[in-house]
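In what follows, structures are represented as structure tokens.
Here chain A shows up in two complexes: once beside chain B, once beside chain C.
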Partner chain A sequence: MKSYINSYELLCDAGDVKALMDAIYAKESAITVDKTYIEDATAGLGIMQYEDIYTLLKEVVSKVLKESNLEDFHNTLLILGSSVGGMQECEEIFYAQKSYENIDPNRYSMNALTDYLEKEFGFYDSRAISTACTSSANAFVLAKRLIEAGAYENILVVGADGLCKSTVLGFYALSVLSGDKCRPFDKNRDGMNVAEAVAAILIQNQKKENSIELKGVGASSDAYHMTNPNPDASGAISSMQDALKDANLNPSDVEYINAHGTATIANDRVEAKAVEEIFGIDAFVSSTKAITGHTLGAAGAVEAIVSCEAIKRSLIPPQANLTELENKNINVPLEPVKMRVKNVMSNSFAFGGNNTSLIFGECI
Partner chain B sequence: MTLYIKNYSSYIDDGLDIKKELKQRYKIDTRRQDRFIHLAVYGAALLKQKCEISANDELYLTSGVGNIDIVQKTNTYMFEESEALKLFDFINLLGNTTSYYVAKTLGITGKNIFQISDNFTYINTLLSIYSSLRESKKDAIICTIDLISNPEQSIKRVLGVDEETKVVSSVNYQKLSLKKEGAIASIEFDIQSYSLDKLKEKIDMQKAFFSPRCSIKKDTDFFETIASYEVNRAIKERRDMVFVDCFEDRYKIIKSKNEKLY
Partner chain C sequence: MKKVALNIVSSAKIFAPIKIENLNEKKLVPNMMLRRRLTRNAKVMLYLSDQCNFEGGKIVYGTCFSELEETAKIANSVLEKRLLSPTSFQNSVYNTAPSYFSIINKDRDEIITISSGMKTSLQTLKTAALQALISKQRVLCVCIECLNIKNIEQINRCADYLEAGAAVVLEVCDDEAVEVEQKQTDGIIGALQDIFSVVNMHENGKNKILMEL
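Right after this comes the complex of A and B.
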């Protein structure tokens, strides 16, 4: 049983799908250089304007339902990937009242967002994946396997994370937060931008007009270090090779890699090494986090949509904010490349050496 | 759908000083970790001494509510006491931090997933594992974990149980496979859920074990992943079992069969 991406929508700092793709091709970063979030320091952040993340979730999921062939989600499994779940609202209440008294505990657990959507839309089953920055990418891994097993016909994958003090200050404490707009793969990059987004993708076992196939998934865990990838890139190489094997494709079949590309020193060096080893200069590679920032648990879902759009538009996203490429043995385009894009690999990597690679492809 | 259990470990809170036990008995470094991670690693250490773990095994951690304690702790630091966020508290906030320490303890480098659902937690994860193993042909380790936060009222509100319900911390492991060879038990499950009337037609209600959430029989203290504990208990007591989990008005069935009896 094959898995088809049949409808999707997102909202991030750059806007909806159309606005995001316009920004990506125009290389216009949506990152704000914020001077208020951290005391005595600037921080590049991907900030959205919205009432609360639950309203945002409802808006995005409603759009996907409207665009789908389903009347409701009663026969659909929900898999939501999030790194911090409902922590944003909890922080806001706690910050204002300095007390837990008025916080609904149901709204700060990791699966708070899942619970909300399940009640709002009546999903048949639901679950949350929380593996930090690979959360929603791992939701795709699970979705593909469940469809192959014939367990579900319709699965909605959602990636969602709102900006939280805990995450911004946490990455700041780790000294991986850039004070400016991030510069993936640049020799002088100085860190990442924390951002927020909600993205939803309907995966079905039936092919529709304009379907994109989820062809391959790969996941590995190198358990090398809590916050750093193995410098020999073995974890990243393993997940990328597993995805190729699962898709029954060779590296030469992949035209574009949407990189994890956070712009941290460690990630980009290791990811570039892995891409160099598997693809050399045969595939184009860029990181659209230069536009969106790092949307953490939502990143896998956001970048899955970018990957599908690159295939549909036959247009490879360029690398924004790049002045001098660090690893010259990979093929990073500075301008959009017009060409037939048959297959795209999307990488997501996370703390604890948790690596996930997805391959999306045109339906033949 | 059927999975075979090769081995298991279970721990239900009995007042043991787990951090001390990990350090003294298992010589495991407990620094930079919190109670949730200690509990998960303790269960891993118990499993490791009973069976062989392959580096390629897939690892699945699952929990009803995750690590509530650490969320409360970080917020208290940052906002109530105006302290900076401590680096390892931030890291411990993330679900796969626990997976990382468990993977380290077991020597696993395969796929590593932290999955949470506050309903049918164990069955949902078994389904994830079953569908993955069909393709990978590997074995998997499942860790089910629930930690009672302090105060208990918080976790009761998250679990949606009344104040009178007794809740308890527990960690349970199973080494799972699609292959029957060497199995000590099998578990049968599917995605189908039933109404109470349909359930009564499907099983012998008198003989079945129920999650305390079901309000049918309350034989034990509650935690969301109790199904895995009951499966392990049935294996230990060398008996077959039908377990019913529930959420709102839906019921799901797990059947465990002790392969050594047959």
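Right after this comes the complex of A and C.
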């Protein structure tokens, strides 16, 4: 049984899907240089204006339902990926009251978001995945396998993360946060931008007119270090090769790689090495985090949508904020490339050396 | 609804009212520097996986509240306007415990972490069943909650045992299997009840269970 992506929507700092793709092709970063989160320092952040994360979830999921062929989600499994879940609301209560007393434990964890969506939309069942920055990418891994196994006909993958003080300050403590707009794959890059987003994708076992196929998934662990990727890139190579194998494709079948590309020194060096080893200069590669920032647990879902749009529009996203490419043995386009895009690989890597690669392709 | 039959290869459980002692850390993690970085959840996970004789392969880990101690340290640092500890931050993510397992055991296979509230261990078991089905290999399913932080009484209204965990190694089988017997283990947080039920069945000689995907 094959997996087809039949409808999707997102909201991020750049706006909805259309606004995001316009920003990507125009190379207009949505990052704000913020002076409020960190004392005596700036931070490049992907900030959205909203009441609460639940409002965003309802808006995005409602749009996906409306665009789908479903009347409701009663026979749909919800798989949500998030790295902070309901922590945004709970940490604000704690900072204000200096006590846990008025924190509802059910509003703290990942399930705060799935519980809300289950109540609003009546999903058949739900599960929440939290593997840091691969959370929603891993939701696709499970979704594809569940559809292949014939367990479900409809699965809604949601990626959702709101900006939290603790994550912004945590990445700052790790010295990987850029004070400006991030510059993926640039020789002089100085770190990432933390950002927020909600994205939802309906995956079904039935093909529709404009379906994109989720062709392959691959996952691995570095088994090396909690935050630094293995410099030999073996973990990233493994997940990328596993995805190719699962899709029954060769590297030459992939036209574009939507990179994890956080713009940290370590990630981009290792990911470029992995891309160089598998694809050389035969596939285009860029990181759209230069536009959105790193939406953490939502990134896999956001970038899955970008990958689908690149296929539908036959237009490869260019790399924004790139002045001098560090690894010259990979093919990073500075302008949009108009060409038939049959297959796209999307990479997500996370703390703990958790690696996930997804392959999306046109339906034949 | 599709169900698969699973053979329980091995199982283990552990719990304590305040803090689990004797987790065999020195034997399991001889490297002192690495041992000192381990979180409570990671120490419990290393103990349980050792008890299950699991040395590597796919892991499905479940935790509702994850690394509460590290998260509390971060929240207090933010509150007191102190610089956050980079180690606490890297140790605060939900996949910390299985990641330490993979680093220590050089396990390069897939790790999935599930956090589904009071259904966490049920959803973790379902995901482990899927991973066992697609890989045709043995999968470690392990769920842990370590809630032993300062002032936890301000918020804890459901668990008598502040540290608890359970693990099973599962493989797909063709044998006749039975539904999981839902017997509440008193004092254990709801998030762990389903996996405790499975471990209890295994301890009582029932090795084949049915699990919905």
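The working rule: the second predicted complex is superposed on the first by the 364 of 364 C-alpha atoms of A that agree within 3 Å, B and C clash if a C-alpha of one lies under 4 Å from a C-alpha of the other, contacts with A are read in each partner's own complex, and residues count from 1 in each chain.
Everything that follows uses one rule, which is that a residue touches a chain if its C-beta (ideal position, glycine included) is under 8 Å from a C-beta of that chain, and two chains touch if they have at least 3 such contacts.
As the structure is a prediction and not an experimental result, all values here were calculated from the model.
In the model built by aligning both structures on chain A, chain B clashes with chain C.
Contact with both chain B and chain C is seen for A:Gly170 once the two complexes are overlaid on the shared chain. Of the two partner chains, chain B and chain C are each touched by A:Asp222. Once chain A of one complex is fitted onto chain A of the other, the partner contacts of A:Asp246 are limited to chain B, with no touch recorded for chain C. Legend: residue contacts after superposition of the two complexes on their common chain; A:Met110 is shown touching both chain B and chain C.
Applying the stated contact rule after C-alpha superposition, one finds that A:Ile364 touches neither chain B nor chain C. Looking at chain A, you'll find residues 83, 85, 87, 91, 94-95, 98, 100, 105-106, 108-111, 114-115, 126-132, 138, 141-142, 145-146, 148-149, 151-152, 165-166, 169-171, 173-174, 219-223, 226-227, 235, 350-354 touch chain B in one structure and chain C in the other. For chain C in complex with chain A, the residues that touch the partner chain are 1-2, 37, 64-66, 71, 74-75, 77-79, 81, 83-86, 89-96, 98-100, 102-103, 105-120, 123, 126-127, 130-131, 133-134, 151-152, 154-155, 213.
Those residues of chain B lying in contact with chain A across their complex are 1, 59, 65-66, 68, 71-72, 74-75, 78-80, 84-87, 90-91, 93-97, 99-100, 103-104, 108-120, 124-125, 127-128, 130-132, 134-135, 154-155, 157-158, 160, 191. Note for the complex: chain A touches chain C at residues 39, 83, 85, 87, 91, 94-95, 98-101, 103, 105-106, 108-112, 114-115, 126-132, 138, 141-142, 145-146, 148-152, 165-166, 169-175, 219-227, 234-235, 238, 350-354.
The part of chain A that touches chain B in the complex is made up of residues 83-85, 87, 90-91, 94-95, 98, 100, 104-106, 108-111, 114-115, 124-132, 134-135, 138, 141-142, 145-146, 148-149, 151-152, 165-167, 169-171, 173-174, 219-223, 226-227, 235, 246, 350-354.
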